[in-house]
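Both complexes shown next keep chain A, but they swap its partner, so chain B is in the first and chain C is in the second.
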Partner chain A sequence: MSSTAAGKGGIATIVVVAVLLFFLAAPIGALLMRVAGDGTVPAAHAVYRVLRFSLSQAIVSAGIAIVLAFPVAYAVSHYRFPGRRLIVAASMLPFVLPSIIVVVAMVAFFGRNGTVNRLFGMEANLVYSFAGIVLAHVYYNVSLAVRVLSAAWSGIDRRYGETARSLGDSRPGSFLRVTLPLLRPAVSTAFTLVFLYSFLSFGVVLVFGGVRYATLEVAIYREFFIDLDFRSAAVFAAVQLGFTVLFVAAFARSIHADRAGVARSDPRLPRLADASPATRLGMVLYLLIFAVFLGGPLATLIGRVAADPTVFRDLFVPRPGARSVEKIVRSTVPGVILRSVAIAFVSGTATFALSAWLALSHRGKGNRLFETTIFAPMGVSVVSVALGLRLLWEGIVPMGALVVVGQVVVTLPIVFRIVRAGVEELGDRFVQAARVLGASRFAVFRDVELPLLRRTFANAFAYAMALSFADITMVLGVGRGRIATFPVAIYRLIGFRSFDLAVALSVIYIGMCAALFLLIDATTERRSDR
Partner chain B sequence: MFHRFIVTALAVGAACFLTLAGCANRNDSPSDAESAGASGNAQAEPSEVVVYTYDAFPSALEDLLVSHFGDQGTTVIVERFEDTGGLFAELLLTRDESPVDVVIGLDTTYLGHAIREELFQPYTPEALAGIPEDFVVDPLHRLVPFDYGNVVLNYDSELLPEPPATWEELTAPDLANSIVLTNPATSSPGRNFLLLTVMLFGEEGYLDFWERLRPNVLTVTAGWSEAYGLYTQGEAPIVLSYETSPVYHIAFEETDRYRNLVIEDAGYTQIELAGITAHSDNVAGARGVIEFVLSEQFQSEIPLNQFMYPVRVDVETPEAFAAVDRPSTVRYMSSERIEENFDEWLAAWEEVMRQ
Partner chain C sequence: MITIRNVRKRYPEFEIILDLEIGEAEIVSILGPSGSGKTTTLRLIAGFERADAGSISVNGRDVTALPPERRGIGYVFQDFTLFPHMSVAENVGYALRVRAVPPAAANRRIEELLELVDLRGFGTRRIGSLSGGEQQRVAIARSLAVDPTVLLLDEPFSSVDEVLRSDLRAEVRRLRSELGITVVFVTHSRQEALAISNRVSVYKGGRVVQTGSPEEIYRRPVTPFVASFVGPANYIRRNSEVLLVRPEDVELRTVRRGTVDGTTDAAGDGKLLVLPAEVEAVEFQGHSYLHRCRLEEGAPVSEGAPMGSGAPMESGAPIAPRGTFFEALHSARLAPGTAVELVCDMSRAWPLPRE
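Presenting the complex of A and B:
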């Protein structure tokens, strides 16, 4: 191992992390300077109540997501069946949807007047409660759990289980004693990730939480923007950041253990159609229910506008007498699309490039401090960063650029994790070999690493773009309403009672995200199979 | 192949970045100012007035402002913030550093705080003489009213053919899980509805009322948009909104399915205010904007754009407004009393609703 190369990588990493922290800490600092001394300190029991809810709903959400994900992960990692790739690719969708769309879709499907209740002739209260918040979080994150579990499961040599059974262990016994322990790191990874995302949740809780339930992020928002009690907001923000850093430090290994790649479609896998009738029936039934759970809410939205497709025309050509979309959104729909794509492309490219560089230069150097630092942005209140960025640099840095900077800072942890997992899995033996044979570092990257990591990179790039696509906090917080992207336009339409138009625009958005994921999946899958 | 894609991506990315930067810059400094000034309106000096408002401020009203003053060589720049809370937080955070001259759209909720912080300067527009005294909530005219509407319940006549007529009936068990409200901690209508119950049932009685109402409340959302969205999706037949909400459905959707529910003639009058900031460096221009907001021309555009009533009595409301019920009196609480008690009332209310 060349010590100079490692040293250079180390310094570069330190520089990048320092710059990131600067973009994060400076806005927060600017904000704190402005508000120092304003407001009160919240009562300890109020902080405790919010913290307790944040923790408990996150634990329950993560637990349920993992239990629901297990059978799907099993099916995906053990069998080939039609629609398998679609399930894997489409299951990424909910994760990148703006929360306003998820809320609308959940209400349309699980609401009191929703599809499920109407189908069974019930009036069950599924969404307006603790259960509703958990339901939404499971909906958001279950695909993530499937991805993590199935990738690990397909990596487990099934001969272990077969050996155990040949030695007389029962099927459930071999699962409990052999497979489960081998899966434990993946379970812990999936649990930690779903827990973190649910712990930091905002939009869903804001709508379904009512008076009773608020996460820390919601409490920060309330104190800051509603009560204008800046000191209380700072206390909640500090608690949130503190706990996030604590979790990340404690579970750093789990977080990075995810191997990111989805279980490949391996032609050696048995077809589900050839499995025993009982297995086949159970699997098919479960997969169907799972598909309905994930697809139902979105399908309800799509069905709603499909019943009256003229609403799509109304998006572009105003109906006489009706309020034009351009007036409500303050931009044309093509304008919204182009602007969203442009911002997502720039922001996605930057986030991806940074993540890739950090991951490559930091390969093989497990370091808890580094891992905790790079994840810190997750725990920082996004609304605070947005406001701080604007206070600090508005007028100096162009608005569009400022939005991009904000998005890069807050999405980097998620994208970095994906890139890093692929890079670590590949290891550096190829690089070492090529270097020994005299290739330059750049040539190694171009000719060895890029082709091998194409799938990981494409995946990460798609995520980075989609996360920027879904962002509303930075766009509104920094953009002062001048930059209208998809979520902003959808929110404005809903605010103006143009519900069907909002749904139609959401459907276009969902279509674009799905196309992005399927495109990436299709191109990379075919090439890597070659 | 893939590395070429990355290189292309980076190049296109850089191009987009520059374009974005360009867009934002163009928006930041409209060049109309110079051209309009140069076109030579002899008396009017070219000037710039910066207006802050909330995101939902109708673009038709913005266009009216901009074009009216553009003709006179004054550039009006409208800056929007997410909601009234975000707007007010911005005013507090930036104080005299911000370029804002006029704020349009604070409601009475923020009056006490705004006055305590000395954010606005007094100005008495000529048109104020034609506005009922009930609406003039700040006697020193730092913030003047420009529109108003009553916060009342609304109902879906298809889901609920026979709506409750009294507060007693509203709390009856047959309406279990039927009402969507907005949170007094986060939304103006929610706050005003809570104040209304304090006014109607007294400080001793309002919690009892809420205790009885609680089983009928399906959910309490953070903002009006979510609540109204749930209501129009058929999730609940009753929602907290404005007396004028049905007008939108009558005027633009030609349906009278959605109606308002003025129970026992009671509503809370929400008044929207405008004012000139204490540190404005274009007071003359700012005064012009306030005068125009209260002019007949601007006021008559309010009903069908804002779905609120104009404060001028000489401006008629369109036909669609005739169809909606109205409480017969203006009713609101003094900002001193609110300032003094609201936090306590809210905390007690939250205790009740959490059970």
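Presenting the complex of A and C:
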């Protein structure tokens, strides 16, 4: 911390570039090299089929998520109502909820014997299908779309709409002609993000896709581990990389436009309870349905174990005649918990520390190289990185360490954004004020920044841990199932048709994750609620 | 013509109760401190807010229950709210597009409107490329596209610089006389209100305190609040009366200390009040200097007791002297500390109505 501010920005850039070159670019390169190696080259029509599925489900998922998010975004950006904070907070769901638990929750809620089917007396197959994959992706990402749209919407002066109406336009007319065009950048940002996450989806498709559907991500994994055909895997990886680079280049602006902002809880917003009866009725109904859609699947999981808590005992002591968890998962449940927590702690600490250092030292400096590099992992196939890391370092670096390194690299952009949002909101005026008063750079950090950023840091640290906790792709890709963390264990339980055990383990996971965030919330005062 | 009758609008913290009559082709300004209900009045007239009680009619038509798009009223917001995703012509033609006016006719009308505000040839420009004054004129042209009989302007001049401001004022006045429409605008600048309106309505705490011509408001205010809000004011108590004396009615003469007896009225006809004082501070105002003077303590005053300048804002409270200062205009700058005598022209003093 001795060099000048500009110099530190430079160092941050060098560090980021070096880390990502070693642990992101090199592994992917190693995998792609296999295109020229042993194995078969998949048939063009097979590649085309996988590509078409990857694209079509991502487009449909993004489209539906945005349409569903619109009314919620309107409510969040225009009114105050109970539960508003929860909806805004739910936008982080896709990052901290393992895809495998989404799968379990979807099956429990929408599956053949799920809550919805039982409620309506049907037996529809809503999950193990194209529709099921889209459903899960929408479930996963709709809150993200809500956040992006509502943040933009609350930034649009409502007087634009009023002006339009004073010029003779109706309410729907002014929405179509004025508000919607002003929202267009946000719509395109939300669409791009949901599209990208769905395009790169792994866990959901791995389970729901069966033999019929595979995203490129799943195809790479299958070729690598099931068919042991590295060359095919490399071809799929190359195709995927080509397309993601294309998307990211085309939509770079949309992706960068998302500064992780949220719709502010402005006390001047009118209460929903004060809106006109028609608006109120429509909004309340829609929000309720949305809440059921979002909360229902998770509530079902908890409901199931609450109805029969003995299932927890089954996790430790198998029922007579049933296969034990230890046999299926190749680890005891306490082992799973300890291993998950240990990996999450190490990986979370590293990601957080790196993010915090980068955000602080790089504050307020526009550096294109830095910006592009640090967000690069967002558009990169996690499976490819995982397999590449394996190819490069297996036998040299312990597997556990490889998993941690991989997780740090792929979660860095997300955690960095959280820290940066807080750091940027704080600005550097306090720092400048303190330095004018004669404080050293370190004293400023200790006395001014740390206290003011405590909540941001705590939050980012929690997310960093949760992201690692939720990771299945890296653990599965590098560890090949031998490192049994929560998501891997749940995945195996599903594979062995031990659905009730999977539900029980999911509930334990959700409980631990909730405890983590409640702990963070309770130990840091809320500055935003002044 | 706008008639606001007994309109009430309740907010958590305060309530607005309005009665206001605005004649045809008038320029009326609504003047008052922030939070006094000025903008709300415009929003009620435009239909962005619904009154809890009372009625609003425009040209004899009751519009109380109509949505904004059916009131036919032009509205220009403080920062113009030009649609950033449209060109100048698209902004101006917005109302025509909504009404499905055929493109040829719409384009002709857009040309006309741009010409009206002196922006011919600006049609294809992007909003971001316009200066503040140009933006304002586009906003006005846009609001005129609906052929409104009433144009509402919310602090229309506050986001442009001083120089432009007087140009734009002239522009608004010209448009009003050319088109014969009623203009109501909100301002918290007294100069602006007095300069361009033929009537001024002074607000306080959600009520209209006084409505009248600029001269009336300035010279014959009904409360000390109005008196002080529209200009610098000096107050003199005479018997049980409080008299308002504006600084321009106070002549400032330099004297040698101790030579003024304070009682006299130099002309001997009882119309002048002379007060001994000392210059405290001077503000240059361009055409003259506003001198803030401290009155000599215990100055023998026969005709009335000086109250000092700047009245307490709370009506109903007794007028308490905030120090005994008087403000007076003078053509030259006098150094602070200069001994002066203040000659008040009592024939131009205005007795404030008792509250």
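Here is the rule we go by: the second predicted complex is superposed on the first by the 323 of 530 C-alpha atoms of A that agree within 3 Å, B and C clash if a C-alpha of one lies under 4 Å from a C-alpha of the other, contacts with A are read in each partner's own complex, and residues count from 1 in each chain.
As a working rule, contacts are C-beta pairs under 8 Å (C-beta built on N, C-alpha and C of every residue); 3 or more make two chains touch, one makes a residue touch a chain.
Bear in mind the structure is a predicted one, so any value in this text is a computation, not a measurement.
Q: Which partner chains sit in contact with A:450 here, chain B, chain C, both or neither? Use first/second/both/neither.
A: In the superposed model, A:450 contacts chain B only, not chain C.
Q: Applying the document's definition of touch, where does A:224 land relative to chain B and chain C: first, second, both, or neither?
A: In the superposed model, A:224 contacts chain B only, not chain C.
Q: I'd like to know which partner A:343 touches here: chain B for first, chain C for second, both or neither.
A: So A:343 only meets chain B here.
Q: Look at A:246 in the shared chain and tell me whether it touches chain B only, chain C only, both, or neither; answer first, second, both or neither.
A: neither
Q: Please indicate which partner A:327 is in contact with in the superposed arrangement: first for chain B, second for chain C, both, or neither.
A: It touches chain B, and chain C stays clear.
Q: Which partner, chain B or chain C, touches the larger number of chain A residues?
A: Ranking chain B and chain C by residues of chain A touched puts B first.
Q: Just checking: does A:207 make contact with chain B only, chain C only, both, or neither of them? Give me first, second, both or neither.
A: So A:207 only meets chain B here.
Q: Once bound in the complex, which stretches of chain A touch chain C?
A: 157, 159-160, 162-171, 173, 177-178, 181-182, 184
Q: Which of the residues in chain B come into contact with chain A in the complex?
A: On the chain B side, the touching residues are 1-3, 6, 9-10, 12-13, 16-17, 19-25, 27-28, 55-56, 58-60, 79-83, 85-86, 88-89, 92-94, 113, 177, 183, 185-186, 218-222, 225-226, 228-230, 232-236, 248-249, 252, 350, 353-354.
Q: Considering the complex alone, what residue numbers of chain C touch chain A?
A: 46-48, 67-75, 77, 81, 83-85, 94-95, 97-99, 142-143, 145-146
Q: Using the touch definition from the top, list the residues of chain A that touch chain B in their complex.
A: Contacts found on chain A: 31, 34-35, 38, 103-104, 107-108, 111-113, 123, 125, 128, 206-212, 222, 224-228, 321-323, 327-328, 330, 342-343, 345-346, 349-350, 353, 387, 391, 395, 398-401, 404, 446, 450-451, 454, 457-458, 461, 476-477, 480-483, 491-492, 494-497, 499, 527.
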